[in-house]
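Shared chain: subunit A. Partners: subunit B in the first complex, subunit C in the second.
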Partner chain A sequence: MRQEPLLQAKEVDKIYPVGGHDFYALKNLSFTLNRGEFAGLIGPSGSGKTTLLNLLGALDTPNRGTIELLGEKLSHLSANKQALFRRLHISFIFQTYNLLPLYSVFENVELPLILLKLEPKERKKRVHEALEWLSLMDKAQAKPSQLSGGQAQRVAIARAMVKNPEIILADEPTANLDSEASHGILKTLRQINEEKGATFLFSTHDDKVIGYLKRKITLTDGQIVHDLSLPEPLKKR
Partner chain B sequence: MLFKLALRNLLAGKTRTILTLLVFTLTLLVTLFLRSLYDGMEAQMTTLRLQEEIAGGQYWTQGFDPFDPFSLEEAQATTPAPWHPLLQQGKLYELLIQNGTAYPKGRLKNVQVRGVNPQQTAITLNFTPLQAKLPPGVTPTMLGARAAQAWGLKVGDHFTLRLRSQTGSFTALELVLTRRFHSSVPQMDLNQVWLPLKDLRQAVGRPGQATLLMLKKGAVAPPALAPWVWMSPDQLLEDTRQLAESKRGGGLVLYSLLFFLSLLALFDSQALAIFRRKQEIGTLMALGLTQQRVTWLFTLEGCLYGLFACGFSLLIGLPLFAYVAATGLDLGISGETYGIPLQQVLYPLFTVRMVLETYASVLPLVFLVSYWPAAQISRLKPAEALREGMR
Partner chain C sequence: MIRFLLKGLLRDRHRSLFPLLVISLGVALLVLFQAWLQGALYGTLSNQAHFRTGHVKLLTRGAWAENQSSSLDLALSQVETLKNELATSYPDLNFFPRLRFGGLLDVPDAKGETRSQSPILGFGLELFNHKQEIQAFHLQEGLAQGRLPQGPGEILLTLDLAEKLQLTLGEKATLISNDPNGGMVIHNFTLVGMVRFGIKPLDRASLIGDLKDLQRALGMRKGATEIVGFFKEKGLNRPRALEIKRHFNQNHPLSELSPQMITLSDQDGLDTYLDQIESWMSWILIFFIGLLGFILWNLGLINGLRRYREMGLRLALGEEKKQIYQSLLLEALVLGLVGTFLGTSIGLLPAYYLQEVGLDTTKILTGNQNFMIQNQVHAKIIFSNLWVGFFPGLFAPFLGTLISGLGVFRKNTAQILNQLESI
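Here is the complex of A and B:
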């Protein structure tokens, strides 16, 4: 299978000032993510997983180095252009779901399409597709507060996939879910990866998630210490 | 989308929204009411002065100063011949003003003596009782109710008036009070003794002379002829306007304070809402909302408070103010007591312009108060907003 680079991080440093001195959350980190991968950043708390995910998603900027997505150097873009880039190409799944509490499930999923200025008819069609895919049609008019954790995370997944992004970045997506709900979510995400070809990058230290990954990038103290791609036959579960 | 989201956030605020709107609406109602009182006060003072004192404007003899009694020594002139037709047509009325001393009930009072045509129709005060048929040697006079009260005089009472003639000699008149009149303009009452014009002219030896001429409302003012100077109603009302402005200044302090408190409440409400919703802000940014649009979202939310408060104040205010404007407000005491031409019942004046001006002065402030915290928070990087929102 031909490997097409989607995302590249080169010699990235991320420094936070802590108690009067610089703390390197990421140090001289480089790696490449190819299109269609189902990869995960794994490591203990404080290893830099979320920091790296934020940089790759243009939610933050590195102190040194470059991050390229689709050939565009994200760190060189203005805040507005980064927002537009995220709007078009990147989706996020958060540990705490981050659904807008005042919007219904339908409206939460529709939001990225409104930002993309799609016609209402097209939006409705796509939202219905996403909700059906995630078996959420019966919850379309429910408010996030009326959903279970697993349902809320499925809504977040629907919101992430509805705009067909280049990459979906998932930060600890199962951290707040029980085992059964976690497996359900992970199976769904794998299915999206395999059937729709969406590229996934996780940040996790959850063994359940790690078990589903096709590529495991281990971070310790802001540096990649292992980068293990499973052989093709082993990737299927 | 932003409007819908802002509106939903506002409605979801429940108690916070209700309290903020309540404070804002009350402030607007109080402000509108105070402004209407001051406008009503100025309107009433203006109307009363125009009706009872100024008429359609006046011609003053050069050098006449109503606040300087000594100016009356010289400030007299005959009415120019070209204006005589106006006198005959009842469009112009002469008024002769002299200094004098009255001796009511044995007391001595320095007064201003005003000779007026008893048939004048330039001002609404009725001077026809000055035409009363009296025995020879007795001159009819009219006093304002307050002056008569202060001097202890009632209709039919006699008192002496001493005047100084043009030649410098003193003369005296035996006066009989034929009418106590009521005027809401204190200047027409306080220490003013009103006589028939011809009698005063004769007493002071100033035939055909006057101090000022009153133009009937609606009559066209002829060009001024020396030594007469045209004083338009606007010029003559300048002191009334200044008085109203000074009162408005006091009111401005009060409602500025109220607005400051309301804006502070809104600012607090906005700042709290924004800091409480950092995660939502981070999420919106992660979805691709630009910093400017995040700022506008929260600014819009704040502005909606202002708009809703304007709407509620109109909703509550319209019937309430319409009622008050129709029935008037009984102040318990008339302004005349304090030397202000005001009646006991004051009618607040509500105009579309005043309401719009009030709203137009408030909404930009609401915008600023809403914009500032929103602009601060939108400077956060999305990752920071998400991270801080989780805390």
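Here is the complex of A and C:
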């Protein structure tokens, strides 16, 4: 596989002022994510996983260091450019799904494409494709309140993949799901990674997720303490 | 995207229906209130002007000094000359001489003995050649029986008075009064019509006849107690009235019987009344803007919280903050416009009813003094009813959103999303 850097963090600090002094949520952190990876940030609660995902997703800016996506330094971009980057290249999957309750499954998945100003016909085609990937065609007109947790997260995944982003950032995507739903979703995500070449970065402390990862980056107190890529043969299972 | 947001707006009653109801209701109340006040307060004022004070009024210094005494020895003389002078100097007004007087009306029986008798309040008006005085006194509308006087010797009485005297149409009655020199006046009149003003102080005991006719009867050929002036267009113009008063009074001598100009505001405490109306109007407007603003503000804040998920998600999906903010404002604008439009229409309906039918106030208002308050108070729909609602209806939600929406702007995106995790 060609090693092509997609996302790079260089000497990143993220500081929160807590009770009058600076708290380093991330400290001098550097790492590179290549195109096509299926990687996860693992580590105990409070170790900085979410903080790092937010920085990588251009939702927040570091106090020191740089984040590069596709060779562009995100922190050097204006807020509007950052928004544009998110719109075009980055998708999020959240622990709490964050579906819009007023909109149908179809409309929820369609939203990223509306923001990209695609034609309705093109949108419909792509949404259907994504829904098929997630076996949600029969739920297209359902409202989020009518879905199970597993189904809701599938909708969120469909919404994340529908615009074919460069990278999908998933913050504890299975934390609210039972074992069966989790495995189902993880299999689908791996499939999307392998067949569509989408790059994934997870944040998790769920063993089920960890079992599916091809690369495990362990964080403790805002620093990377392990970075383990599994050898090629083990990746397929 | 606008279509997408519109769908959400329509589906979320907390965002569309409730604010719309609040806006419509508030605006409707404001419009109704305004029309009602306009009708009730300015209606009273307009009656006061028509029946009593004019927009400006000319009378002798003596009469004014004695609190508008209608004793005829303090009446104006050379009224025609004065009237012509006024008409030339102030062509933006119409002037009408009036003769107000007191007296007794006596109804004789067949033998010439008194059958019934009552004190009266007399009005000599230019009835024959001027439609305006008939209109000013609402005589045509108020005519309950008979017709208006058409020749000398014919009078109108109020219905109440005629009933009290048991006088029927065509019967004669004798006016007993004094001439300017204190001599006794006895004159016979024929009752040709009965009127009802719907205003208590007038309905009790008024007698209305032609000015010339009554001048002759009372022995004061060219005299009148007053000359009232009305602006030809658009009603009372306070600054202009004041200007005319100053101008006229500067050019006339100061003796007891020389004419003096006063304005509506000078009489019956109407100055304070006018100021009050104006300040009430502005307070009511301020109150409604405040109230609606407060309610919508809170609705907006709650909406803001309820919609954090949507805002956070849209930010994460790469929408610009500016766009999100704009869409919030647009939403407030649309709601405000639709709500104001609805509210104005809703408010105009009862206002129209109150304008056409009115509200009986005889039971509410007891013991009123000089004020010409009609028994049936009507609302009056005015042009500003159409736009007054936009202040609270449009600006309040817009401003509320403008400020509460700043939250989305100031917070950083990660923070908003973090909060989502805990919802």
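By definition in this document, the second predicted complex is superposed on the first by the 237 of 237 C-alpha atoms of A that agree within 3 Å, B and C clash if a C-alpha of one lies under 4 Å from a C-alpha of the other, contacts with A are read in each partner's own complex, and residues count from 1 in each chain.
Following the convention adopted for this analysis, contacts are C-beta pairs under 8 Å (C-beta built on N, C-alpha and C of every residue); 3 or more make two chains touch, one makes a residue touch a chain.
The structure displayed is predicted, hence computed values, not measured ones.
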Legend entry - Superposed partners subunit B and subunit C on subunit A - clash or fit: clash
Inset, instruction - Quick one: classify A:L100 as touching subunit B (first), subunit C (second), both or neither. - result: both
Inset, instruction - Identify the partner contact of A:Y212: answer first if only subunit B is touched, second if only subunit C is, both if each is, neither if none is. - result: neither
Inset, instruction - Using the superposition on chain A described above, determine whether A:F200 touches subunit B (first), subunit C (second), both, or neither. - result: neither
Inset, instruction - Examine A:W133 and indicate which partner it touches, taking first as subunit B and second as subunit C; both and neither are also allowed. - result: neither
Legend entry - Which of subunit B and subunit C A:F38 touches, first, second, both or neither: neither
Legend entry - Shared subunit A contacts, counted only where both subunit B and subunit C touch the same residue: 54, 57, 59-60, 79-80, 83-84, 86-88, 92, 94, 96, 98, 100, 102-103, 111-112, 114-115
Legend entry - Residue ranges of subunit B in contact with subunit A within the complex: 1, 5, 8-9, 12, 279-280, 282-292, 381-384, 386, 390
Inset, instruction - Could you please specify the touching residues of subunit C with respect to subunit A in the complex? - result: 1, 4, 7-8, 11-12, 309-310, 312-322, 412-414, 417-418, 420-421, 423
Legend entry - Complex contacts: residues of subunit A adjacent to subunit B: 54, 57, 59-61, 79-80, 83-84, 86-88, 92, 94, 96, 98, 100-103, 111-112, 114-115, 159
Legend entry - Residue ranges of subunit A in contact with subunit C within the complex: 50, 54, 57, 59-60, 79-80, 83-88, 90, 92, 94-96, 98, 100, 102-103, 107, 111-112, 114-115
